[in-house]
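Let me begin by handing over the structure; questions about it come next.
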Amino acid sequence: MIPMIFASDNWAGAHPAISENLAAHVHGYVSAYGTSELDRKVEERLSEIFERDVAVFFVGTGTAANALALASTNRAGGIAFCHREAHVNVDECGAPEFFSHGARLCPVDGARGKMDAARLEAEIRRFPPDVVHGGQPMAVTLTQATESGTVYSLAEIEAVASIAKSHKLPLHMDGARFANALVSLDTTPAEMTWKRGVDLLSFGGTKNGCWCAEALILFDPAKTHEMHFLRKRAAQLFSKSRFIAAQFDAYLKGDLWLDLARHANSMARRLAEGIAASAVSRLAWTPGANEVFVILKRDVAARLEEQGAVFYDWPAPQDLAASLAADEGLYRLVTSFATRADEVDQFIAAC
Amino acid sequence: MIPMIFASDNWAGAHPAISENLAAHVHGYVSAYGTSELDRKVEERLSEIFERDVAVFFVGTGTAANALALASTNRAGGIAFCHREAHVNVDECGAPEFFSHGARLCPVDGARGKMDAARLEAEIRRFPPDVVHGGQPMAVTLTQATESGTVYSLAEIEAVASIAKSHKLPLHMDGARFANALVSLDTTPAEMTWKRGVDLLSFGGTKNGCWCAEALILFDPAKTHEMHFLRKRAAQLFSKSRFIAAQFDAYLKGDLWLDLARHANSMARRLAEGIAASAVSRLAWTPGANEVFVILKRDVAARLEEQGAVFYDWPAPQDLAASLAADEGLYRLVTSFATRADEVDQFIAAC
Amino acid sequence: MIPMIFASDNWAGAHPAISENLAAHVHGYVSAYGTSELDRKVEERLSEIFERDVAVFFVGTGTAANALALASTNRAGGIAFCHREAHVNVDECGAPEFFSHGARLCPVDGARGKMDAARLEAEIRRFPPDVVHGGQPMAVTLTQATESGTVYSLAEIEAVASIAKSHKLPLHMDGARFANALVSLDTTPAEMTWKRGVDLLSFGGTKNGCWCAEALILFDPAKTHEMHFLRKRAAQLFSKSRFIAAQFDAYLKGDLWLDLARHANSMARRLAEGIAASAVSRLAWTPGANEVFVILKRDVAARLEEQGAVFYDWPAPQDLAASLAADEGLYRLVTSFATRADEVDQFIAAC
Amino acid sequence: MIPMIFASDNWAGAHPAISENLAAHVHGYVSAYGTSELDRKVEERLSEIFERDVAVFFVGTGTAANALALASTNRAGGIAFCHREAHVNVDECGAPEFFSHGARLCPVDGARGKMDAARLEAEIRRFPPDVVHGGQPMAVTLTQATESGTVYSLAEIEAVASIAKSHKLPLHMDGARFANALVSLDTTPAEMTWKRGVDLLSFGGTKNGCWCAEALILFDPAKTHEMHFLRKRAAQLFSKSRFIAAQFDAYLKGDLWLDLARHANSMARRLAEGIAASAVSRLAWTPGANEVFVILKRDVAARLEEQGAVFYDWPAPQDLAASLAADEGLYRLVTSFATRADEVDQFIAAC
């Protein structure tokens, strides 16, 4: 039986190369709490990849990376601007607010998961710096690839960054699907981040083939000292840190991470093409990375689920909701490094 | 060259059986965020081990388990009572306070890492429930085995618990070295915890042969619902939770965890006996688990370090400090599942 | 020169009867921190007024009362539902989130400052109790009178309360302008609060003729113990608490508070009638208490300000914005216990 | 009947000049939230008094001033050093920790309420800046006059400040009894604060004759912007701020504040002399300001209380406890601006 699991990229296991590298580091003593040679090696590799010295903080979850990034920008009555559908805003149970001692997320609208630059500007302007009642802006955060499976172009990132800079706000990128976006744009990590004005990056490995490997990357070395304490206080400093380092070591070696992302994206394209060609389904919008949003009749969706397919209902954005028929729903399908072509083909056939 | 690494049990890697089980679960899709069959299986196994239904929350670090446990007992102006040298008090960078929104730890004295019951009672009484100025007691937490490598007897746990209960305070046990204490007492998990009055347990696997496997165990089901949100908000809900479950699965299978702890403890005893027999060193006190505290002349310690031995200086408790010669220091040596007899013997010989 | 100050009811001073009662309590020793006879007397008077035993907590600001009320309902990842324009949401600089350790406010839409009951229900349903990712509902808070100067009818309060109850959520009322709403509805404090399902009340005196007198009133005695610690920890327990008690003592004596509110409301009606009758201005909507929202041409507004009138621009709600001419703006005018009829008349004349 | 109330200086009411000035500002409209002319005038007066530009933040309680001061120095895992018996450590129900998001207070010992400089240095050194586990120093706070009624000399303040500076830590002074200490030292506000290295000051008026008038004073203008938001978020920005300003206006006029403090101190001296001369009582130590610590037989204390005297039992510091007889206790007597000589004399006679 061929599985048809498109629930999430975190339903996959780990890539064998990563698993094998973990096993290779099972023996022997190394110093704890992120001070081992392997930790250093991975940090250096990331500096190479980003074409400059970066400070790297391994953490256990993407939520931790995001919440710590925002915590480091904290101000009293602080407000971080994000897309309305951003993971920080809808899927982290208040972790960003908790880590930031009650700072607030201000949702910004924009089509298909991307903040509209003009709306962002307008939202920030609602909080003039000399008016104490509403609070004060503290950061802007964007998600790349977005929760809608789209990808900010370099120019779009720059547009957001320039608004952030004009208000002296740091810019964070939630890169839970960083690799998928990167290969989609066919650009370099440096171009997609600090060269465009990104100050802090949640660099995700888990969804793209690791067991549990997330890193918070700081492009501003002035924040490094405080982040060590923020991470430790947040219970995110792992004693056997090498187990995260070993994953990243294999992940980054020989550009495995890019290959895995290319595979996931190509599976998404295959899925999208099949859906677009089908009589009973249509694409909600063109996927940019490894998430495909599909409009299906509800009975078709139910039938697919009966046949073993797993995927999620998704709340339709307002502009799309109007164009859905009463018996139609929006569904999200996610591919990963582990998705096989025959899974996709069987799903298309089952449609 | 034989290593002589006694720095900490977290300098070791992982036991092969645990590593192999991880690799065995590398393939295939399973549902995320702690909902897989493997997660359920481990929870059931822990209920078996504890001889009652328990709620199990996997987290990434021992600090997370401790801080979440205390957070679940939170009150405004709350005060948690712990030994002065407890890990929560000296080694967690304020995580318990942060997770508990500013609750305070009140250190309690007592010889060799164990809270003195009378001192605990006296400290709690400093905060009468109807006086608002000083804050209000919220929890008691003890460490088993202690940071001094000693072990509370069952009667001692019960004494602490009965004080906690008489003030209606929940009792938490930091079991980062739970297995080491358990085999040292030759008792059962149930006897050492809820049968003695423990309400929440940080059940550690990392120091005893896992990569990264910690669980917060609640004996009071009324706290379960809130803990799900506390853990998620603290960024401690892992998407690929099976990677923790797989470790615990192997760890608990066929009582591997007890065997590993017995080995570590026996290596500590071997070390202790060698030290006691040596002309140039003496035991600071009798070890109860896998930590040995030794008094060495500083030049002897320096020479051992030159020969490759790794171990830490330790701040001497006040009563001991008085009995140290000017050229002597207190040192901590920790054994683990990975410690070999020849390491111990070489260290003794090097003395 | 007659002033035309309609900026806010907090630009007024204090009513002479209140000021005189303060002076009457200037001498002599009384016990501190809210334990004096006068404190007790005011608490009893409030129990009389509310027709049941209530727990009363004096605090210094309305923001403190609101933030403490929400803090007492706190859950991990908690979400409090309020109107989008509520004071807690737009004018308290994140105090509710800070006091609640990062709990979140979820804005609910509805015309003229009142939450639409169906929208409230829909927003709460976005957070099913068994899904951890989005957080969990913790409270509903409504403002009476609203920030738009309207008043919830008793049936409207009950509708909101019944939704809150059906989700087991406590209901808070921000009564910064409680008296103005009460006399507008011509009902009793009990009818407008606990008889309709309100659990916690911010009972404001400052805007209605006190210097600084706010009280948090709890209808659920089970919350009283914890609130003492919450208030103290929030630095809101005043040592010379009698100075707040003395204000409330005079405020509540002989129903002065109701007389003051009736006066402010009648001045608002006089203002509204004059504006409605004027050729150059119109009412944005009918005022329910002591705030009047007016549509003026911008040059008329500027001319009035030159003549000494003080009032604020107000962001137009979306439905109204569409009906404004390009040269028109929305303005808020607030009356108070201190507003004189000749001020109102002169303002109308100046229009 | 002559009262004998020595419970606390906050049992007194308000000085008539302050009460009258409040009444004088009862009428008329002024702009709210600390922006009135009277607010400005008081700020300028304080700049005059401190011989430099200072930023002034009125707040409602001394606890608020202290907690906001420490919050402004906040770091992750931060530790503020204070005397073991400091008000922040024993009487503020965790407000400093709450406002600082879980920062910790580290008690420093020292005789009679004053931190011992060498102990302070030793405590700070326990937290080396590159070790993440224990947390990081963030501030030093001293109390002037101390909770033991003693006063740091200028040289002693400087000694503490120089240690703080050498660790790059800001120095806060809790001046709940600032005036009492100032007149005791017969120095100037500038000399006792910023000229000695104090960066933030809680400037108390309440205990010395105001109803409710506390100010947080910042000597470092770089912190001013953030403090506006910290204060507002903490619900400590009063809408009718003029009611605090009016108190300070009268308090500072013609050096009333110094006269009131001189009176309170002289009453304390009169009390101390009487006690020293009595056969049944003795001074625990020489008072420096307006608090007198007395050793009485418990039955004498009970008899005095029966005769109407009010004063508190006080926990004896360890060094003193040893010298107390079994039937003796330590008691605190506080004088204030309102204490009359005949009260003191009657108390002495009653002894």
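Each chain carries a letter (A, B, C and D) given by its place in the written order, and its residues are counted from 1.
The rule we apply is simple: contacts are C-beta pairs under 8 Å (C-beta built on N, C-alpha and C of every residue); 3 or more make two chains touch, one makes a residue touch a chain.
Computed from a prediction, not measured in an experiment: that's the story for all the values here.
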Mutual neighbours - chains that touch chain C and chain D alike: A, B
More contacts between chains, B-D or A-D: B-D
Distance from the mean Cα position of chain B to that of chain A, given in whole angstrom: 34
For chain B paired with chain D, centre-to-centre distance based on mean C-alpha positions, whole Å: 42
Cα-centroid distance, chain A relative to chain D, in whole angstrom: 50
Contacts with 2+ other chains: residues of chain C: 33, 76-77, 92-94, 98-99, 101-102, 132-133, 135, 229, 232-233, 237
Of all residues in chain D, those that touch chain A in their complex: 33, 71, 75-77, 101-102, 129, 132-133, 135-136, 225-226, 228-230, 232-233, 237
Complex contacts: residues of chain D adjacent to chain C: 3, 5, 7-8, 10-14, 16, 19-20, 22-23, 25-33, 59-64, 67, 92-95, 98-99, 206-207, 211-212, 229, 232-240, 242-243, 310, 338
Contact set on chain A toward chain C in their complex: 76-79, 90-94, 97-105, 132-135
